[in-house]
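Labels run A, B, C and D following the written order; every chain starts at residue 1.
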Amino acid sequence: MSEQERVFQDRIDRGEKIEPKEWMPEGYRKTLIRQIGQHAHSEIVGQLPEGNWITRAPTLERKAILLAKVQDEAGHGLYLYSAAETLGVSRDELLALLHNGKMKYSSIFNYPTLNWADIGTVGWLVDGAAIMNQVQLQKTSYGPYSRAMIRICKEESFHQRQGYDILLKMCLQGTHEQKEMAQDALNRFWYPSLMMFGPSDKDSVHSAQSMQWKIKINTNDELRQKFVDQTVPQAEYLGLTIPDPNLKWNEAKGGYDFSEPDWNEFFDVINGNGPCNVERMEARVTAWEDGAWFREGLMAHAKKQDARRAAARVAAE
Amino acid sequence: MSEQERVFQDRIDRGEKIEPKEWMPEGYRKTLIRQIGQHAHSEIVGQLPEGNWITRAPTLERKAILLAKVQDEAGHGLYLYSAAETLGVSRDELLALLHNGKMKYSSIFNYPTLNWADIGTVGWLVDGAAIMNQVQLQKTSYGPYSRAMIRICKEESFHQRQGYDILLKMCLQGTHEQKEMAQDALNRFWYPSLMMFGPSDKDSVHSAQSMQWKIKINTNDELRQKFVDQTVPQAEYLGLTIPDPNLKWNEAKGGYDFSEPDWNEFFDVINGNGPCNVERMEARVTAWEDGAWFREGLMAHAKKQDARRAAARVAAE
Amino acid sequence: MATADIAVDQAAYFDWLCRLGDNCLVLGHRVSEWCGHSPVLEEDIALANTALDLIGQTQLWLGLAGEVEGKGRTADKLAYLRDAAQFRNVLLVERPNGDFGQTLMRQFLFDAWHMELLRALQKSSDPRVAEIAAKAAKEVAYHLERLADLVIRLGDGTEESRARMQKALNVLWPYTGELFMADAVDQAVVAAGIAPAPESLKAAWDRTVAEVMAEATLSLPEGTFQHRGGKAGRHTEALGFILADMQFLQRAYPGGTW
Amino acid sequence: MATADIAVDQAAYFDWLCRLGDNCLVLGHRVSEWCGHSPVLEEDIALANTALDLIGQTQLWLGLAGEVEGKGRTADKLAYLRDAAQFRNVLLVERPNGDFGQTLMRQFLFDAWHMELLRALQKSSDPRVAEIAAKAAKEVAYHLERLADLVIRLGDGTEESRARMQKALNVLWPYTGELFMADAVDQAVVAAGIAPAPESLKAAWDRTVAEVMAEATLSLPEGTFQHRGGKAGRHTEALGFILADMQFLQRAYPGGTW
């Protein structure tokens, strides 16, 4: 470790925030770009499975809440791309990497939303897992990232409550069919949600260095355990069954024992073989390509305006 | 009138059929091409308003009947383009004239189908009016056209009965809401159906010559009267009200008195200003343009096969 | 305030309120179809926000409509349990989204009218109408400003963006006339001082549109033909498909709690 | 013949018959979306005819399913009053139409399987199944012949037509595997001699597909990933929208007579 690196690590160890113009190791910068970029991409791809139900939301109020949520997600994308930009990479560069498959987004969004209870379940489990990840990241060492996370966490917990509220209505006040929808949604989203914390620590590639740099605070397994412990009683309250025959309270560890998700499926989906990978990327790339004329039009106008202002200045002189 | 023209007119007056390779006046050929082409175009554009309800047909049987009907219409288009081809104009030439707006199709198809009763009403009134036109055309002087009409008439009267049957079900066995749909459909389609016979004889441009050539047998007004007289009792049986306060049985003439349709609307719609003119043409032109690769692919394959066969012949010699 | 204080035919008043609500509902639906598919993240946000405002306005107008009708129909019941022939929105708002330019142009043409209407409605003889209008006017003022700006920038942008915006204006133009056509329903609410005469909004709308199009270097279409029908429940073929999606859950699960 | 004569779990049998019926219903729906929009009049006719055959087969299979279930549900009730999670069609048939090449390729890949299945079902232990299969086999034999011919001509056509057909094959390929995957439902009907084992149809299907693709100068994709779920009611996001349209009238007007 060089002198510069040691000073850097000391600052992190003391709990100081690293700011954009300060020196940082290339690896730190690269890891952050990967992580923040992936998170930003997840927000914008994440619009798609929820957006899928906006036109079919069952009441005007639910429609409004869902619209507000999807709008927030796009907003989170915006904060995160801005945070990434402070590391010297533009939003367009990051999007190009997403579109050509060199950057990923959270694999959970490769699963389809098939009934209205999925919208509740995505809020409850997916946002729930995301928050679990993000709460720790509020303390992350990179200043702009930490500040983005503080802002995002506030909105996400609101989303999670709204998602759970959908399920409360369907399970506690709804018809038998509605409760079946909720159980079906839980069955499909349970394991993919557990996967959101990443592979077990022993198989996780980047974890040790990221934790040293405080780009990451907790281990994948710690977060997953916390998530399960928080979620099981919520499922019980809804009267739903977690689709895991091995799920059991373990008094000794003060938490639940539970089955690992199928990690083969996890890597399969990451590598493109999920239910919706092709559709999601196609939707994003199509949106980008079909919108080229729009972005170019705005840029051309801005240039014309600059030229006009310059000409007016010259004329005035 | 030249000698040749007199001989021609004599043959027509004797009730002989004119066949493709025989001499005919240019005006006769042109009028026929216009009339048959327009009729063919009407069949294919006519697929659109009915096709609009195939995916939403309320029972499997109704869906099957509607599919069969739309299939028949495309088939009629095929016979008619073939009849036109005997006059020396290709289907592609006629389609090009349709697509660039130089040829018309029946204006009735510029009206939208807005509820399921419209499908019944189109069968009852629109096919009913079409049959009224076509029955006379079975006796038309041009052989291929006459034969196409005989074939088409048989199927059309089947369609008309099926359309009326939809309304019988909705009006006599259906709910109050269903009967309202049927009345709404009749309100919207009544006058456009009357327009299908064309303007009053005194304002009709081509009528006299066409009747002399037996390209047309009855006058527009005769056919319209016949249609009204046939249709009014059918509406009564359904318990529906014809949207015409002036409708009244006239004992003296042995037919109904009725209001003229709004001929301004008629000419407006013909000139492009109907509810669906733009959509209908857009749908057809898009289908044609998007399908270019398909047609070219098939042609290229046919050429390759010819070349291969020729090469095989040479090799065998 | 009891409705009875205003001398107006309740059926006409109900119908007129449905027009306001249905315009917002159907346009909100169309706009929301873009969620996650727009050309740039800022537009994803803006469009979701626009749809959100429109759905909020729908709740208010249809809520009041149900109150005026007095048969216990809520805004949700009106939104989810009427079929196309009972919808009263103008045809403009149900036009398919087309390319992004057509979506923006439709919004601009609508907003320019909506703004004038809401401005006038703040002086309505029915304070409930005035109150909703005041709230909605704030939102719509922002939409209109944003859209006018976008139309100008895209009209006066590249060759392609100008061509697309001109085409958008041309195809939507024949659907704007209906906004200003009055019928018996309009006459009833105008007579009761509830609403301005539709045609009275035309001059200001013309001015706004002419100014923005001039700056956008776009030409106003010359055709005079104008579609109509939506305000009386005669729609285009598009509305049935919109409702099939929108109403699916309420239709398929009657008695559900959501 | 009473169902009781065949020793089979009735719920599994019902489920399996729904798979047959739903495949036909959903594919028929997709094909019918082309009505009036295909590249050439002959195809408009052929597609309407294909959809018609498929809807006819739907009536037979779902009719028998309702009979086997014994709860008084007709083919119409099954088609119009189940939501997506109760549908049992394979994912392949609900794929969006895409360009005309994808529609044709989907039909060919399905028909090649459908033909093998119907051939085997003519020896079913349930004569009602054998009878329906015999009738359907005649129709499907014609579809398959027509589609194989079209795939060959378009594959070995222009550069563009080949590229489109290759792309169609590539995007649809991961949806073919489900046709041959067996589960408990399949095992139940196989054990009862009602149906062939799904995997037993694979060799013949592979052969048909390989021959046609070779003549069409198209390459078989090498990826091994295959989607699944439809047979168990886990569909793609497309099915909900299909049903929203298909079922609108029955859902919106319960108790209507059509």
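Here are some notes:
Here is the rule we go by: a residue touches a chain if its C-beta (ideal position, glycine included) is under 8 Å from a C-beta of that chain, and two chains touch if they have at least 3 such contacts.
For each chain, UniProt lists the protein as follows: C, D = 1,2-phenylacetyl-CoA epoxidase subunit PaaC.
Everything quoted here is computed from the prediction, not taken from an experiment.
Both chain A and chain D are touched by C.
Set side by side, A-C and B-C show the greater C-beta contact count at A-C.
Comparing the CA-atom centres of all chains against that of chain B, the greatest distance is found for A.
Chain C has its Cα centroid 37 Å from the Cα centroid of chain B.
Computed centre separation for the pair chain A/chain B is 57 angstrom, with centres defined by C-alpha atoms.
Separating the CA-averaged centres of chain C and chain D is a span of 42 Å. Touching of two or more other chains is recorded for residues 56 of chain A. Within chain C, contacts with two or more other chains are made by residues 83, 240, 244-245, 248.
Chain contact topology: the protein chains form a pattern that is neither a line, a ring, a star nor a complete graph. Under the contact rule defined at the top, the touching pairs of chains are A-C, A-D, B-C, B-D, C-D.
The touching residues of chain D, counted against chain B in their complex, run 25, 28-29, 32-33, 35-45, 48-49, 51-52, 55-56, 58-59, 62, 75-76, 79-80, 99-101, 152-154, 156-158, 160-162, 164, 242, 245-246, 248-250, 253, 255-258. Note for the complex: chain A touches chain D at residues 49, 52, 56, 112-115, 180-181, 184, 188, 268, 272-273, 275-276, 278-279. Only residues 44-45, 47-48, 51, 54-64, 67-68, 70-71, 74-75, 77-78, 81, 91, 116, 166, 169-170, 173-175, 177-178, 283, 286-288, 290-302, 304 of chain A touch chain C when the two sit together in their complex. Contact residues of chain D toward chain C in the complex are 83, 240-241, 243-245, 247-248, 251-252, 254.
By the touch rule above, chain D contacts chain A in their complex via residues 83-85, 171, 174, 225, 227, 229, 234-237, 240, 244.
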